[in-house]
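You will see chain A twice below: alongside chain B first, and alongside chain C after that.
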Partner chain A sequence: MKKYWFVTKNSMSEYLTYRLNFVLWRVRVVVSVLITFFLWQTIFSGKEVIFNYSESQMMTYIILLSFISAVVLSTQTFRVAEEINRGTLSNFLIRPISYFRFNIARDLSDKMINIAFSLVEVPLIILLFRPAFFWQTDPLNWLLFAAALFLSSLLYFEISMLLSFIGFWSREVWAPRFIFFILIAFLAGTYFPLDIVPPAVYSILRVLPFTYLVFFPLRIYLGGLDSQALVVGFGVTIVWLFILFFVMRRVWQNGLKYYTSEGQ
Partner chain B sequence: MKTIYVSHLKKYYRIFKRREGLLSAFKSLVSRPQHTVKAVDDISFSIGEGELVGFIGPNGAGKTTTLKCLSGLLYPSAGVVEVLGFKPFKRNNNYLKQISLVMGQKNQLWWDLPAMESLRLNKEIYDLTERQFRENLEELSQLLEVGDMAKVPVRQLSLGQRMKMELIAALIHHPKVLFLDEPTIGLDIVMQKKMRDFIAGYNRNHKATIILTSHYMADVKELAKRVIIIDRGRLLYDGNLTDLIKKYADHKVITAHFEKEVKSEDFRKLGKLKSVNGKSVSFTVSRNRAKAVAVDLLKNYRIRDFEIEEPELEDVISIIFQSHPVSHQV
Partner chain C sequence: MKKYFKVWWLMTSQSIQMFFVSRLGALLFLSGKILRFIFFFGFLLLLFSKTEALAGYDLNQVILFYFTFSLIDSATQMLFREVYRFRQYIVTGNFDMLLVKPVNPLFRSLFGWTDILDLITLGPFILMIVYVLTKIPGINFASVAIYIALLINSMILATSFHVIVLALAVMTTEIDHAILIYRDIVGMGKIPIDVYSEPLRSLITFVIPVGIMMAFPVKALLGSLKMPLIIFTFVFSLSLLFISIAFWNYSLKKYTSASS
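This part shows the complex of A and B:
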């Protein structure tokens, strides 16, 4: 296991080499949070409840988004496609190291750095703009929130790896990923809580994996989910985790047979 | 048991053809003609422990593809490959711990970090004890004369320095089997020489089995007793380097340095002129006539110096490639 810790460590120092890049990335995150924040503040002006969300719930949702994104959506797995296409994947295949664990370790460095920054940013935003922020007090909800975040991260990892594996068959890996980003933006709840869409649509979304990337953990934090909703939510997440795990392994094994280690 | 055993290995690639021009680029959105490239087409050989074998062939001959099959990167289309008793493509950890593949143009080192960080990671990957790691690092650093370079971020190293660090990273676990693909590419003459000395030393000291591909015949000549020649995926020759020259070179090169200027016309009838340079003439004659021609020359001219040599390896190789017109892609 120590070797994977070294991957995380190296990956972090690599990250910090490009400080400006990183700082600008964080600025982008903060700005996008602020945009949604002001948008919803305007919508709420003079109203108590919109789409069953109180102002404080909605503001909390928006602000916590940046934290959730740092935990769940920060990844370097897009590099996998590049490594396949450039042939640098060979450097991993030739050594006794699991490429999957390597990627988890590399993602971990991403997540740790992003979380560290968002733990500074979120309180800062709250202090500066003094929104009606909802603090969850029930320890059980915190626990479930943490569990959901963990599962969501794994789920995102699997989806993102799969997208990168397209690289085995095609050099055009960015188009599918771009579509995926748009899907995430709408279907995972990074712009608005998902349950404000018509119930028919929402019931479809609930069986798709995207819902469980961002919306589900956030909903748990906000509280008010009954035990049935929790069981269904965790259940669907775990089913998707299993399905995608096997698909991911299968695609990887087949991809390797197709792999030509070009350019190397 | 042979260290490396390859039997009827085939590796076919499917590639998409695309003609030039924007219009055909659009056409390729709809349909793309596919065709198969036989990168390696039915090759068999085996290599014993501690052997150092040179792999020769023009660009696209299938050298690298073969090495990739041997190191487990590529899945063979057909045939059997066994190295150290393992099937490389299964990429068993116990197998991977005993081999290494060095590719001259690619790097495993983390670009933005000092090489030491990559080496430390490799120490963990290969399960080396701190002592093993220190010893191996010390040995390799001394042989390659790298000094303190391991502490400098890799991107700031020169090509030669980087190659050395790459080599250290690839050998830190003392692999028993080593695949070297163009290890001297892009290096200057001095560095090439050092790299060759190093490879020879590593082969000797660790009884390592090494396959080496190179464009530089000097690499092969100096390092390998045995060569395997492939072209367009087919094996053309497998054997001793000296036998190769005897077998394929039906001529010798005679160079004579005369006391005074000579006319090149006089030598045309003796053999095929290679070069005429004032008082020196160099020409090739068939192997069985070499002696007679030499005697003839010594009798008729005042000669200051005189050499009969085997032809250059490059020449021999190109003779082989020309005399084996293998049908191109199907």
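This part shows the complex of A and C:
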């Protein structure tokens, strides 16, 4: 475990070397949250409930997006594709480490720094714009929220690793990721809560993994989900985790057979 | 002028050839752009299923804001895609090669790569704008003429922003996030800027002129922009262009040719 902790520490040092770059990245996250925040604030002017969401619930949903994206969506697994394409993956394969754990350790540093920043940003947004914010007081909801965040992070890790494994067969690794970012932006619930779409569309979204990256944890925080919805939500997340885990292992093994360390 | 057009055409031909080299990637990127456009459009339609107006604008007017934003954004990216690759020239020292060529380095740095994918989307955007215009009452020839003039003005503003980003890259070697922050902030213009509350609204109108760039053409078209403000807009944009070029010239004096 100790060696992976060093990976996390080294990765954090890398971030601290390029501080300006990182701060600018966080500025981008805040700007995108603010755009959505003001849009919904205007929609709620003069209305108490829209799409079954009160203003405080909707504003909380939008503001917490900054925190959720820090926990779930921050990753360095896109570097895997570069390492495959440049042949530098070989440097990791000959080391006495697990490449998957190495990537989890690298991701951990990403998440720790992003979470630290978001813990400053969220209160700042609340203080500056004084929105109606919903504070969850039920400890059980907090517990389930934390569990959902943990599972969502693992789910995102698996999806992102799979995307990077495209690098074994193609140099076109950024185009699929670009489409993935767009899918995440809309189908994971970073623009709006997913249950506001027509029921037929929502029933499709409920079986896709994207729903459980952002929307599901936030919905748990906001409360109001019955036990059946919770069981189904966690159940679908766990099923996707298993499916993607086996697919990821299989693609990795096949990819390694194809890998020629080209570029080294 | 003729020489520069010829150079631009040569560089554009090369970028089109590159498009055919990585066809699959280009196709995926194009699909992504279309998907993003459709998703946000669907989101606006969804919003209007629960509200009749957004900051006083009806559905067709809000759609016009979004389509106009998409047109300006695509035209800007089509012309200035090279700016996204500029940092590499600086950090590798290859910018020296641009400086010694008998072509203005600013011209080369701005227009060195034409994004064919964005060029493809321009035609449909224009057609969609024309269609929405037919749905909005009270549009006349004069307001359309002002709209087009303000669209050109938006391109001048976009050029100024990109020149400033290039100058920042020369001075700091940081550009990746600077250009992306520019894009995020400009993205605020997807919807009418009246949506944003003060002081943010004034900030994104006059300090970071997203409002002038994205919203003013539509506001003028809808008749909610007074003539003095329209004239001020042109003066503002031209002033910013001169300032950005002066900043670029200043940054060149600070260029150290590191790594070359």
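Quick note on the criterion: the second predicted complex is superposed on the first by the 264 of 264 C-alpha atoms of A that agree within 3 Å, B and C clash if a C-alpha of one lies under 4 Å from a C-alpha of the other, contacts with A are read in each partner's own complex, and residues count from 1 in each chain.
The criterion applied here is as follows: contacts are C-beta pairs under 8 Å (C-beta built on N, C-alpha and C of every residue); 3 or more make two chains touch, one makes a residue touch a chain.
This structure is a prediction, so every number in the text was calculated from the model and none was measured.
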{"item": "Touched partner set for A:F192, first chain B, second chain C, both or neither", "value": "second"}
{"item": "Touched partner set for A:V27, first chain B, second chain C, both or neither", "value": "second"}
{"item": "Touching partner for A:I179 - first (chain B), second (chain C), both, neither", "value": "second"}
{"item": "Touched partner set for A:S227, first chain B, second chain C, both or neither", "value": "neither"}
{"item": "Which superposed partner A:T137 touches (first chain B, second chain C, both, neither)", "value": "neither"}
{"item": "Contact breadth on chain A, by residue count: chain C or chain B", "value": "C"}
{"item": "Those residues of chain A which chain B touches in one complex and chain C touches in the other", "value": "none"}
{"item": "Contacting residues of chain B [partner chain A, same complex]", "value": "13, 64, 68, 71-75, 91, 93-94, 96-97, 99-101, 103, 105-108, 110-113, 117-118, 120-122, 124-126, 153"}
{"item": "In the complex, chain C residues that touch chain A", "value": "22, 24-26, 28-29, 31-32, 35-36, 39-40, 43, 46-47, 50-51, 54-55, 172, 174, 176-178, 180-181, 184-185, 187-188, 190-191, 195-197, 200"}
{"item": "Residues of chain A defined as touching chain C within the complex", "value": "20-21, 24-25, 27-28, 31-32, 34-35, 38-39, 41-43, 47, 50-51, 170, 172, 174-176, 178-179, 182-183, 185-186, 191-192, 196-197"}
{"item": "Residue ranges of chain A touching chain B (in the complex, touch as defined)", "value": "2-3, 6-7, 10, 13-14, 17-18, 87-88, 90-91, 93-97, 256-261, 263-264"}
